[in-house]
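Just dropping this structure here.
Just so it is clear, A, B and C label the chains in written order, and each chain counts residues from 1 on its own.
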C-alpha cells in the first residue's frame, strides 16, 4: 500500500484557484484553507438567524444537468447564508433539452451576471469542459464517476472535527459500489493527501483489485476490515447502475457488505459511521446504525453547507 | 347538533407550539394570537414595497411531496415578506424518488440550517410523523384527507375580517366532496372552536350522515340550506378522487350541488361565497358567482399570505 | 418597401404604461426611456457585486405556462439585481394542469402581494388577456407567434450600443423561420419605429411574400441579401414547429439559409451576427461564426438582463 507522504497539518494558504473541479491535485494547505473558512461559517448553519454578507450582490447558478435535491439545496443554502442570489437551472425543461450544448448553457448563464457555476452532470469531465470556456468560477457538484469534491471535503471536515485536525495514519474503510462512485474518488484523493489510509471494500465486481492503483487497499472481506478502522463510510447501493453486474442478489449483498448492527460490534469502540445519503435503510445500512451513537451522518449534512459556503466564498471573493 | 361552547372572543395568548399540524385541539386564544399577528402582516401583502425583518437569516423549507403551486407560493411569499430565505423541495426528482424515507428527507433538510419545514403529502399523518423526528418547527400544508390548518385559519380570518371578530352563532355551509376534504376538516375544527355552526352539504356518497360525529349538521338538500347561512364555502370537485364513486354524472352533480347564479338568490342578502381554489368554473361554481359581489375568494388568497406569515413567525420566532 | 418615418433619436419620455405586451405601438421615445434605464443597470450585470434597491420589498412572479430556462432566469436575475423577490410558477404541476384558467392563476398570484407578472404562453394573446383582468403590471415574455417584446428591446439595445443610438437607415436581415417567430415580429415593430430597414430571408414556406405587409422586404436569396446589411440575425430552426412544412431536408435548409463561415464573407466588414438562442450549432449557425469576432450573441444575453431590469423597474416603480 502506497500512502502519500503529505504534510497533514499544513497551514492554510491563500486561495488561488478559480475553479474546484476535483480533489486530485489539491494540496493539504489548500484543503486546510477551505476548512478554516468552513469553521468560520459553521455557526451560521448550526444556529440560524444570522448571515454573512460576503457575497452580497453576487449570484451563484446551480446548473444541474442531473438532478439532486440534496446537493442543490446544500449549495443554495450556502449561497443564501453568504447573502448571494441563486439561479436554478435544471436539465429537464432547460435549453439543453432543445439541443443546446452544455457549454452554451453555461456561457449564457454566465453572461447574465453570474459569478460561479455549480455544475452537476452524469458525464465525467463536463464541469472541466465548462470551466475551460467561461471566465467565472466553476464548482464540480458531481460528474459521472469522476469526482464530487465538495462531498470529499465535507466528509474530511467531519472527520477533522471529530478526530482532530491531524488525520495522518487514520484508517477509513469505504464500503460498497466503489468502482462507480465519484464520492469515493474524491475521498481517496483528499484523505491520502492528508496522510490517512483508505481501505475500500465490496464485492469483486464493484471493488476490483485494480483500484489499488489509487493508493488504497482493496478488500472483499468487510468483517476482517472493520476491526482495523477509525471510520466506516457506507455507500448507497445504486440499483440503477448495478443492472447486469454480478451481484447475485440483494440478500447476498447484505450478507457480505451491509453495515448491520451486529457487524458494527466488530468496529473499535471509537469508530464512527458515515454515509453520503440518501440512505437505503435496511439495504447497505441498518436503521439502528444510521440513527445510532456512532453515526455522524446528519453532521455530514450540516458540515456540507459550511464547506460549500467556504468554497463559494473562496472561488468568488477569495 | 352538538355545537362547541367555546369562548369565541378569547384574547390572544402567548404562542407555545413548536408545530402547526392541525386545527383539532387548537384553542380559540391560540387562533386569536395568529389572527392578531396576521392583522399586523396583512398591509404588507396588500401594498407591496415593504418587508418585515422578523425572520432575517432564517430559512423555511417547502417540502412538497405532493405538488401545489398555490400553497407553495403562498408560503414562499410569506417567508419573503418576513425576510426569510426559502428552500424548495419537491417530491419529483427528490431523494424520496430514490427510495429515501420522508423522515430522512426532512431531517437532512433540517440539518442544512433550516428553521421550519412546510410539509405537504398525499398521506395523512406524514407531517406529524416528521415533527416527531426533527427539532425544528413543522407546518402541515395539507396531508391526505386529514387537515390543512393554514387553509382553515385563512378561511376563518377572512370571515372575521368580514363579519367581525365574534363568529359565535354564524352559520357556514360547506358544499361538495366533504368526506375527502382536508380543508373541510380544518374548517370544522376551527369554526366550531370559535362557536360557529357548520352545515356540510353534498351527495350522500360524499357527505354521509356519519360526518355528524364531527359536530356538524349534514344535509343533502343545498337549496334548503342556503337560506339559513351566512357563508357558503364551495369545494373543488376533484375528479381524480371521485373515480368509481356514486356520482351519476357531472350534470346530476351540478343539478344538486353547484352554486349557480340562480341558486345564490336563495342566500340571505349579507351572505358571502368562498372557495379554496383552484375553481372548476362552470362545475361546482359559476363564473358569475365566483367573480360576483358576494365572492371573497381573492381575499382568501391575500389573507392566506398574512396567515402564513403569522404562523411562520410564531413557529420560528414566537 | 414602406419604411416608417419615425423620429429615431427621440428623447426619452416619462413612462406611463402599466404593461409591456408588445412593441407594436410603442413609440421611439418610450423605447429610448427603456434604453436609458438599461444603460444605468448594465454595469451591475457586467460586474457582479452590487445591487440596486429600486424594487426592495416588491415581488415579481414568473408565470411560464410554456417553459424557458433562459428567459425565466434572465427575468429572475433582473429582479434580483433590483432587490425584488421572485415567485416561480410553471405550467407543469401548476393549478392550470388541474383545469384552472390562466386568468385565475394570474389573479391568484397577484392576490399574494405580487407587483408584476411575467407571462409566457404558447398561445398568442394570453398576456394581453391576463392584463385585462389584473391590476398589477404584466410583461409579455413570449406568447405564441405574436410577440416577445423584451427580446426585441434587448436586440435593439445591442445594436444601439454597437452602432450608436441612431439606427435610422441601418439594414438588418433576419433569417430563418420568419412566419412562426414572435422574436421577428417584436424586432420588426421596434426597428421600424426607430427608422431601420428590415429584410427577412427564408424559404418561401417560412418567409412568404405576404410578410411585406409588415413593412419589411422579403427575400429568398440570402447570398444576395448579406452584402447589403449591417446586421444578420439568425433564428433558431424549431423542428417541433416545422413538422409537415415544406422544408425538403435539413441539408437543403443549410444550403440556402445557414450562416456558414463561407457565407459570412459576403457580409460587409463592419456587420455583426446575432442569435436569440438557444443555437443549433451546425444547423442555422456554424460554431466558427457563433464564436467568431462578428458575434454579439453573448452580449445580447447580458443586455437582456439590463433591459428586463429597466422594464420591471418602469412597470412597477416608474
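Just so we're on the same page, a contact is a pair of C-beta atoms (placed from the backbone, for glycine too) under 8 Å apart; a residue touches a chain by one contact, two chains touch by 3 or more.
Keep in mind the model is a prediction, meaning the values are calculated, not measured.
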item	value
Arrangement of touching chains [line / ring / star / complete / other]	complete
Interface residue overlap between copies chain A and chain B, same or different (over half shared)	different
Gap in Å, rounded to a whole number, between the CA centres of chain B and chain A	41
Multi-chain contact sites of chain B, meaning residues that touch two or more partners	90
Interfacial residue positions of chain A with respect to chain C in the complex	56-59, 61, 85, 87, 89-90, 93-95, 98-101, 104-105, 107-109, 111-115
Residues of chain B defined as touching chain C within the complex	44-46, 48-51, 67, 69-70, 73-74, 76-77, 80-81, 90, 92, 277-281, 298-299, 301-302, 304-305
